[in-house]
């Protein structure tokens, strides 16, 4: 039996001792305010036992981690039709480059980079009566937690400064791969990204990806093949142009966000979330990456 | 002495006999309506003698040709400071690609492609009290023609469908190379592009580029070095990714627009404008290109 | 208990009934000669039980599959120093594009695309006394099979026509990322790619990747972390620009070759190899891809 | 009447006083040896009057300037068929990038960048009985100077280190745009580039480009349209990714070489050559660029 609690405590200590804590995401003003000394980690195993260390209950902006959740909802609504509008290949490019979009006629490389996630947002806006409310309800449902909420200040902050996302959405529109108004889609998208959760809540939310599509209360939200494919996408595309590095060093499917959160998981075994707002050069949480490397090295658990 | 009138008449006849007249620019709905059979040509020589053939007095949307005029006004206002925000190299890319913008950190390749012209529009919005009115006054002034006006239907049509320009402007904004609001800059830009002129009016407007910066009434609007440099830019960058071809086949500085207009000139000698709405694959007027090739071949006049 | 034999038989039948069998790799003349109707599959489980169907004992050119073997030998010789000369990110590009190499100053994206494999070949040429002989001995050793050999006709054929590889090697040399002569490195590389094996032999050779680095006779050739990382690389980069698709549809680490072979594996469980010379548009075996999709769908075994 | 001699003397003085003289082309070892303090300039007018200052009679390696000469010979041999294998557009890229070659299926952007010049070399190798001897005879002929010769040490030096050119030639070969052996074509190409001339000799050689195709002794080597087009190419493509800048600042067709030479010309008026081995960041002679800027500014002579 692995002593998860012991490992998390050691990871937390190592994180606190680390001197270089990375830089916060200054292009979203609201995120730039968060204290770089924060570190939290939470792990839930397949028996729903919980382990944690550090600020694992402090909420932060999950940002791009929400792309896995919006993709999940889109798949649950229109199934494989999603793949007519977005591909499943790693981009090999930083998260904000539009070049590939032009070379490939408006079909984003995958749903976990910004242009791809904006297409998914467009699908949800088309499918849902009250997109923002319905998506929040979906997330609360799979997490079994009604306290999860949008951070409206963050959403507003990003709306004012998210010029690259406006560029991406307009480019998609010019290629006919956006059915709704740019402003409507991005309003939804910025809310989606502003979801605020703690590490503990993140592991509750992502529990269904280690449990064949069943959430903590055993309700089924995704089919087994859907879960398998989302996990595959997290592994190949979850960390921008550091995805290969993460698969190589950590060896788990996962997703990071510029708010400093990372969630990662081993199917049938455990789901783990870390949070530390300082980012490395590739836009992923610096301490979070180190923490997960330590976790899989110490436990020798990975998909490979 | 060259018989310009004879050459123009022959060119007009050849244009009317040409069967393949190209395709209209269908991405701007208002432009798609124009009859493909139109052809007009007008030439003014340095002594201000005028020659014409075909529909040389019918007005059309000058579109990208206006980029030379906005650049001229920006140079007259802030001089060489313009070059801190836009480069002077050919792009080697179709007129709408944003890729280079990303590779080069938000500095457009030159002021005659869309992203570069949007930066120039931003400069004018910053410098002018009433940008749209003041720019129109500038154009009327250098042309000595107060009937020149915006085509508001075209401006509106482009605003509704110009997603690539919204993408470019937002991308520029994300790189800090746009000081004003995207909507304000593009409103100005779409008006600027909607300027409506005939071939005759275009040659009046561009007369100063063959006359060392002095317009038809001898007022000075640009310095000699400024005129030299704008002419150089027209030669290397005036025809999107067909600029080399145009220099090679025609051998004159010039600028085309998706409305089907082309203006070209030989310093100290003549300025010529053609109009025919059918475009070739590279987005330049098909009959206009042929007409100018014929003009320089028959007259053996070119800068080379 | 899973009835592997039953599944393989069904897969073989489905493959034989498939009408569209893809196209052979015509750019290597020797490979173009092989009959498209060939199909073979072989699976070895962690207890070294063997299952097979179709032409599983016919030898073919393993081509790019050999890149995993040369990488393994390089890692066994100089360890993590390998990563100073080649990265671990998916390329997001077809297997032969040199563009990224230029953008990234001569550091190939990963060791499983051609430029990366050429760097690995350069390492082996530097490290080994008799590179071709020593590498063959390494492969025979981990496979426990002394009948494995190069196909000299294929090696010669590729040498005469492998202009893109000569281009890549010279480009690497121009960036200082190739220490030996281009001709010497490519002579080794073309031999390495010409290794001839059957599906059965491939699974013997790759057995150590499901067995923590121990080959069938229990000798240790790679450390656990090395095996984990090679498996991660196969998952993210093993199928050119179809790597995401393979992870998504099949969900196993693996590697394909233009000879029509594919090897894939589930750590601790099984290793499988297929062969069918007809390729799909992305350069991977058409029937092989379908076979492995069927295998993981029917058995519900994958890393996700 | 312009006092050319006075202007050249002033330019020479300014060049000698300039402190930052650029860097020599260290990637060709033989070129790296030349003293950075060298500066020479020579001008010939249409009446064949000669003016000079500085080291205008010292010979240097003309390198890429030779591309204009090989193109001229190819045009004189097979006419417009040349354009089936190479385009006429500016590349918008540094001189050594292969990326565009891949995007555009092996058709180089223009004959004045390396891959384009290698295609031209291939044409000459196919057309000429003794390529190296025949090309040298052609150059001596148009220059009316039998002392012009290859610098065999430079040719050898480049052969040993010209890996990017080997990469380009192999890439062209892989696209079917090279008919002869890579080694044979590059052997010719390296000799062509090693042509050694003084500024005075360069202006003699290029005299035909200001004289409608007639060389100094009045023999005709090119047609008027051919001269016009080569001049157009020099203007749009003669200075790598600084071509726009040169047209903008200087306003003359011209061609530079990494040996530090530049030739520029005004049709019907004059041809000028400068030499100074220190290069700027874009690979063009630093002092030469300044000299030509000064020349056109002082004399107010340019094509615009």
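As written, the chain order gives the labels A, B, C and D, with residue 1 at the start of each chain.
Going forward, a residue touches a chain if its C-beta (ideal position, glycine included) is under 8 Å from a C-beta of that chain, and two chains touch if they have at least 3 such contacts.
Just so it is clear, the model here is predicted, and its values are computed rather than measured.
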{"item": "Per Cα centroids, the chain farthest from subunit D", "value": "A"}
{"item": "Inter-chain centre distance, subunit A versus subunit C - centres from mean C-alpha coordinates, in Å", "value": "32"}
{"item": "Intercentroid distance (Cα basis), subunit B paired with subunit A, Å", "value": "47"}
{"item": "Euclidean distance of C-alpha centroids - subunit B vs subunit C, Å", "value": "55"}
{"item": "Touching two or more other chains - residues of subunit C", "value": "none"}
{"item": "Overall pattern in which the protein chains touch one another (line/ring/star/complete/other)", "value": "ring"}
{"item": "Residue numbers on subunit D that touch subunit C, as the complex places them", "value": "97-99, 102-103, 163-164, 166-168, 170-171, 173-174, 182"}
{"item": "Of subunit B, residues touching subunit D in the complex", "value": "87-93, 100, 109-110, 224-225, 227-229, 231-233, 235-237, 241-245, 247-249, 251, 253, 267, 297, 300, 302-304"}
